[in-house]
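Letters A, B, C, D and E name the chains as they come in the text, with residue numbers starting at 1 for each one.
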Amino acid sequence: APARAEPQEVLVFAAASLKNALDDINAAWKSESGRSATISYAASSVLAKQIESGAPADLFFSADRDWMDYLAKKDLIRPDSRAELLGNSIVLVAPAGAAKPLDIAPGFPLATALGDGKLAMGSVDSVPAGKYGKAALEKLGVWQSVSAQVAQADNVRAALLLVSRGEAPLGIVYKTDAAADKGVAVVGTFPADTHPPIVYPVALTKTAKEGAADFLAFLKGAKAKSLFEAQGFTVLP
Amino acid sequence: MDWLTLSPDEAAAVRLSLRVATVSTLASLPPALLIAFLLARRRFPGHALLNGLVHLPLVMPPVVTGYLLLLAFGRRGPVGAFLADHLGLVLSFRWTGAALASAVMSFPLVVRAIRLSVEAVDRRLEAAAATLGAPPLLVFLTVTLPLVAPGLLAGAILGFAKSMGEFGATITFVSNIPGETQTLPSAIYALTQVPGGEAGALRLTLVSIAISMAALLASEAIATRLARRLAAA
Amino acid sequence: MDWLTLSPDEAAAVRLSLRVATVSTLASLPPALLIAFLLARRRFPGHALLNGLVHLPLVMPPVVTGYLLLLAFGRRGPVGAFLADHLGLVLSFRWTGAALASAVMSFPLVVRAIRLSVEAVDRRLEAAAATLGAPPLLVFLTVTLPLVAPGLLAGAILGFAKSMGEFGATITFVSNIPGETQTLPSAIYALTQVPGGEAGALRLTLVSIAISMAALLASEAIATRLARRLAAA
Amino acid sequence: MSLQIDIRQRLGAFRLEARFETSARLTALFGRSGSGKTSLVNLLAGLARPDEGRIAMGDAVFVDTSTRRFLPAHRRRVGYVFQDARLFPHLSVRHNLLYGRWFARRRDMAARAGQDEFDRIVELLGIAPLLARRPAGLSGGERQRVAIGRALLSHPRLLLMDEPLAALDEARKAEILPYLERLRDEAAIPILYVSHSVTEVLRLAADMVVLEAGRVVAQGPPAEIMRRLDLLPSAYESESGRDLVVTVEGEEPRYGLTVLALGEARLFVPRLAAAPGASLRLRVRARDVMLALEAPTGISALNVLPATVVGFSPDGASGMELRLDCAGQELLSRITLKSFEALELRVGSPVHAVLKAVSFDRRYGGDLSTEASGEA
Amino acid sequence: MSLQIDIRQRLGAFRLEARFETSARLTALFGRSGSGKTSLVNLLAGLARPDEGRIAMGDAVFVDTSTRRFLPAHRRRVGYVFQDARLFPHLSVRHNLLYGRWFARRRDMAARAGQDEFDRIVELLGIAPLLARRPAGLSGGERQRVAIGRALLSHPRLLLMDEPLAALDEARKAEILPYLERLRDEAAIPILYVSHSVTEVLRLAADMVVLEAGRVVAQGPPAEIMRRLDLLPSAYESESGRDLVVTVEGEEPRYGLTVLALGEARLFVPRLAAAPGASLRLRVRARDVMLALEAPTGISALNVLPATVVGFSPDGASGMELRLDCAGQELLSRITLKSFEALELRVGSPVHAVLKAVSFDRRYGGDLSTEASGEA
């Protein structure tokens, strides 16, 4: 297998939602340095547990803080290398044709807007976007009125799909996903103070190979910044 | 003891999983029987296509299957719209949709089990029934079907077990609404996604295993009786 | 045409999936045959337990199965450490691990298919072979096994198809490392997780389906020949 | 009702090309193993389709490839006793027996005879103790009896029986045969009966069709067909004897006898359907030939042939087999050593061969050689 | 080599309790359908275990429940021709035939006879054209012949044959029987032969075991056992005739004859294994009794019994059946109507019943009634 043929290649474990951006950045890094990283995309939870059981990953790029904290607690990452690289925001979306702007504010009439439809979100306990969405709705005081109508998808892409297919009249997804899908229109954006900060932490693992730090550095560089932003991410300072 | 007590949501998931698995198993047996029979016995132009179609859910990642189900059976999907308008049968976000997803996912297994049994049926017995005046449908009901019983049973238990574990297509198609579409595997999956959720996931997994093992034991008991009845004659 | 051209990573995923599916299918047939035979023919104290164990991968959500594999066969797991130290066989994060995950996930299907065929074997033929001087092992090899061929074939094709679609346990156990553990379904999954990935996912799904259909057609052709050979005598 | 068959079918390398018509109540289908009997019966039952040809019973056309007609098996109302019993393994013996009857009762009133008939057939076949059992543990003969019962109870309008009694003991056969005779005579259900047993065929059949390698090589009254030995493999002859070539001379209708000429001598045999002048072969079994020095008078044996001893050889511990010349044809006689010495026989001794006419009676046919056995 | 059997086994409601010993080369196992023949043979082959008991052949103990010994089937070296052929459907006829031989060749040198033997058996059974085929399309008789070949080629030291010839035509039987005789006599392989055919049993067997409802009810030389008709269901008698009770008087060793007394008269029959003074029943078939007005002289028939006509009735178109009183016992005679009139017979007419001694010779047994048939 190619990966074993070049053992020095950096192995990155990254949340699947980062695939587009990281693939581009990897290509850029390759043309710049001649080296390339191997990137394994999966759910953050899965990747974290694999690192815990000895996966040869050099770099972990999580979709939320929880799983990074999990590894930190087990002393499996280099705390000094940890950085919160990207930010994102969550938005309320509706199917493209049927979008009526809604002012997202405390007590806003979400239930009315839903009618007897479902509100599509990521799983409110496990999927980061779902957790953020629930926190925001609670903060805004409308969670109680809609909680029975929440359809929880196992990832944010599935939630987005439910809206773009018109199955659900409204959904809560990342701005990055909403922007790329012509089937949905953004109805409103949740204010940043209604939920914990949406960040994508990255860190080297305890067993990271030498080259990994270079890739991490590249991620933090200007070239990467523009590629992240091209996918709609906010690059945190 | 506390460890064993289920929360109301969990209990609901258990009940729902049982219902979904039972309904999807029972509902998939008749079409599976029909298709197994066609595949085993008839050679027709679309044979390979039908055979391929049946196996698709096995070949495609469950997420893709769920996605296709959504496209077809969702409210806006051609079949879903038809069912909703004409039969009042809504599948999306309903436990019925979960049952459909389960049935589709386990369909290849059920069909194959039944097909193997159909192929093992001694056709000379069907010929004998015909000479005794039984028209084809009655030959099927009175001879073929009883002889296919072991395959039906094996198919049913495979389907049931698969339904108890199916999750990818289900959650993609009907998502995860506690009390309506949150089956045991969905609940377990959600727990595995939370740091520290392992204990809960393990607990529900054990519940799921216990249910399936009970079904399995029952099926073995029936199979033993069937085998005794059908002992090579 | 461009749409059909595979990127190097995708081509690697296709090759890998083929390898994983083939190896896992071939490797699981002998133990599946053994266990199917035991389950069908012998009554022993651990019968129900073994039967339950075989069905577990069907019942548990794939993620759980993958997680358990990770715990047992991972580098730090008891079995994994043993295999690595004594046999030099590393499974975690290797394609071999993907094959193991595939084999485990398809095991219930393979065993059941073979078992149904074993149960359909006319034991009077085995008795006849014994009177002709064949000791039990040779009876098995020269009579039982050939008669079980349809079940073996059905099991193999089910296992192969399942391997081509298996994703949950594989990605959880060996992750999704391009060129090493990124099978087609894992690649498809990753594509479904990002905006604009649908086209790529669909494309790979079609590739996967094409491969499986080819295998299916081949198996049907063999099955037809087998059936002609074994036509009720 | 007449049965008309004219079909061609290929089965692997085997070709079945049978054509015959019969209106006998019971027609025997006879022929060596592999001659195509079962294949033919399958075509009649509708379990196989001929490549070409036509099968009809009375007005009912079962199959006719020229008009593309094919009456499916379940609508032919044939009762088929298979060579292999083919009992339904999932049904009790009782339900196996009732299986066909259920369809018959839905069809016609006559079939509603009901319990009586069931009891009678169960009694006849001696399967009452088996009713509650499943076929799995049945012995070979038990299975075959249940299969016969199942076919009989389906109220067929044509009965196909493929070696139905092969696995049964003589005693059981002797119980079932009279029943088949009654069925043939009273119920008027035509029967096509495949059998290797000359006794059964002679006893039951009015017409006989002989198959060889897929073709009909002879058809006619069984006794006569059996007599035309040249049609049948010579190995049917299991006992020593010789064939006499004789000419039909006439009849004695009053006594039901046919008169045959052998040189100067006359032979009397039970009536044959043969025209005067026809030439026939008669089998004369060595053990049926008695010898007398003088032409005996006042005895019941009608046939006394002058002959000359041309040779002899000991046969077993107490026997002697003599070769006789009888109007230029050879005859064998088997007598005891004691008689041989008492009669002081030598080569050249003039003797009289004495044969009873009744040993030729069809009703008493034992096996082929008994049957076609010596006359005159 | 002697075969010792003493077993008990329950099969559902059926109980097999058989005990016998035989050292005959060929032992016939006889009995009605369902009497336990196949069950017993299965025990011998090692396909079933007795609940209790012992089976041994010579020094080899096959099973002994008291010592918990059980020799598995594949080590018993029995060749078993099953009642159902049980060919391997996945193997060609050739490989079915060779299956057992392969194991035999690994075992002993004698089995290496090789191609010759294979060709001979294939030739004998007439299955050469089938060698390349699979069992699926074979006819019933073809299947049975392959099964026989397969068992023979496995070089058994005991041959178990469960109605091996039931599905075969007479011609084929007549080819195979002499081979079985050679096998019995030359190869010295003991054979246990299940058959419903009296002819086969009489011809082949030196010893005969009769089962009824799972128990051995008779054992001995076949001819003798057959004669003890009371042991056998009366329906075995399918032809009219009467039994004469006679006493053994002595022997004429020179002629190989046994002399029997019936009142004043003497009857000569081929030698029987019976002590002087013993009482026997002899079956005399109506068709074997010739009548003469005067005691004939100079004829080969040894047995002439004075008798009186006590009744008659027409029998078919050309026959007459007469009842005779013969030293106080009844005898039947069947003659032609023509003879009846020519002899001017009436009730009360004194006649002489004439019977040939050779019709009693065992070698010529037809069916039971032929066999036990009239003597004197």
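Here is the rule we use: a contact is a pair of C-beta atoms (placed from the backbone, for glycine too) under 8 Å apart; a residue touches a chain by one contact, two chains touch by 3 or more.
For clarity, every value in this text was computed on a predicted model and none was experimentally measured.
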Under the over-half criterion for shared residue numbers, do copies subunit D and subunit E use the same patch or different patches to meet? same
Leader among chain pairs (count of C-beta contacts): D-E
Please compute the C-alpha centroid of subunit A, do the same for subunit E, then give the distance between them in whole Å. 91
If you average the Cα atoms of subunit D and of subunit E to get two centres, how far apart are those centres in Å? 22
Could you grab the centroid distance between subunit B and subunit D? Build each centroid from C-alpha atoms only and quote it in angstrom. 58
Shared interface positions of subunit E, touching two or more other chains: 84, 137
Specify, in ascending order, the residues of subunit B that touch 2 or more different other chains. 63, 67, 124, 189, 192, 232
Which subunit A residues sit where two or more other chains touch them? none
Let me make sure I understand the interfaces: which chain pairs count as touching? A-B, A-C, B-C, B-D, C-E, D-E
Subunit C partner contacts - residues on subunit B that touch it in the complex: 48, 51-52, 55-64, 67, 108-109, 112-113, 115-117, 119-120, 122-124, 150-151, 154, 157-158, 161-162, 164-165, 167-168, 185, 188-189, 192, 201, 205, 208-209, 212-213, 216-217, 220, 227, 232
Which subunit B residues qualify as touching subunit D in the complex? 124-125, 127-136, 138-139, 142-143, 146-147, 149, 229-233
Where on subunit E does subunit C make contact in their complex? 45-47, 72-80, 82, 84, 86-90, 99-100, 103-104, 107, 134-138, 150-151, 154
Which of the residues in subunit E come into contact with subunit D in the complex? 11-13, 31-34, 37-39, 83-84, 129, 133, 137, 139-142, 144-145, 162-163, 166-172, 174-175, 196, 198-199, 232-233, 235-236, 238-239, 252, 254-257, 268, 270-271, 287, 290-294, 296-302, 316-319, 333-341, 343, 354, 356-359, 361, 363-364, 366-368, 370
Can you list the subunit A residues touching subunit B in their complex? 43, 45, 48, 66-67, 69-70, 118, 120, 123, 125-127, 150-154, 158-159, 161-162, 165-167
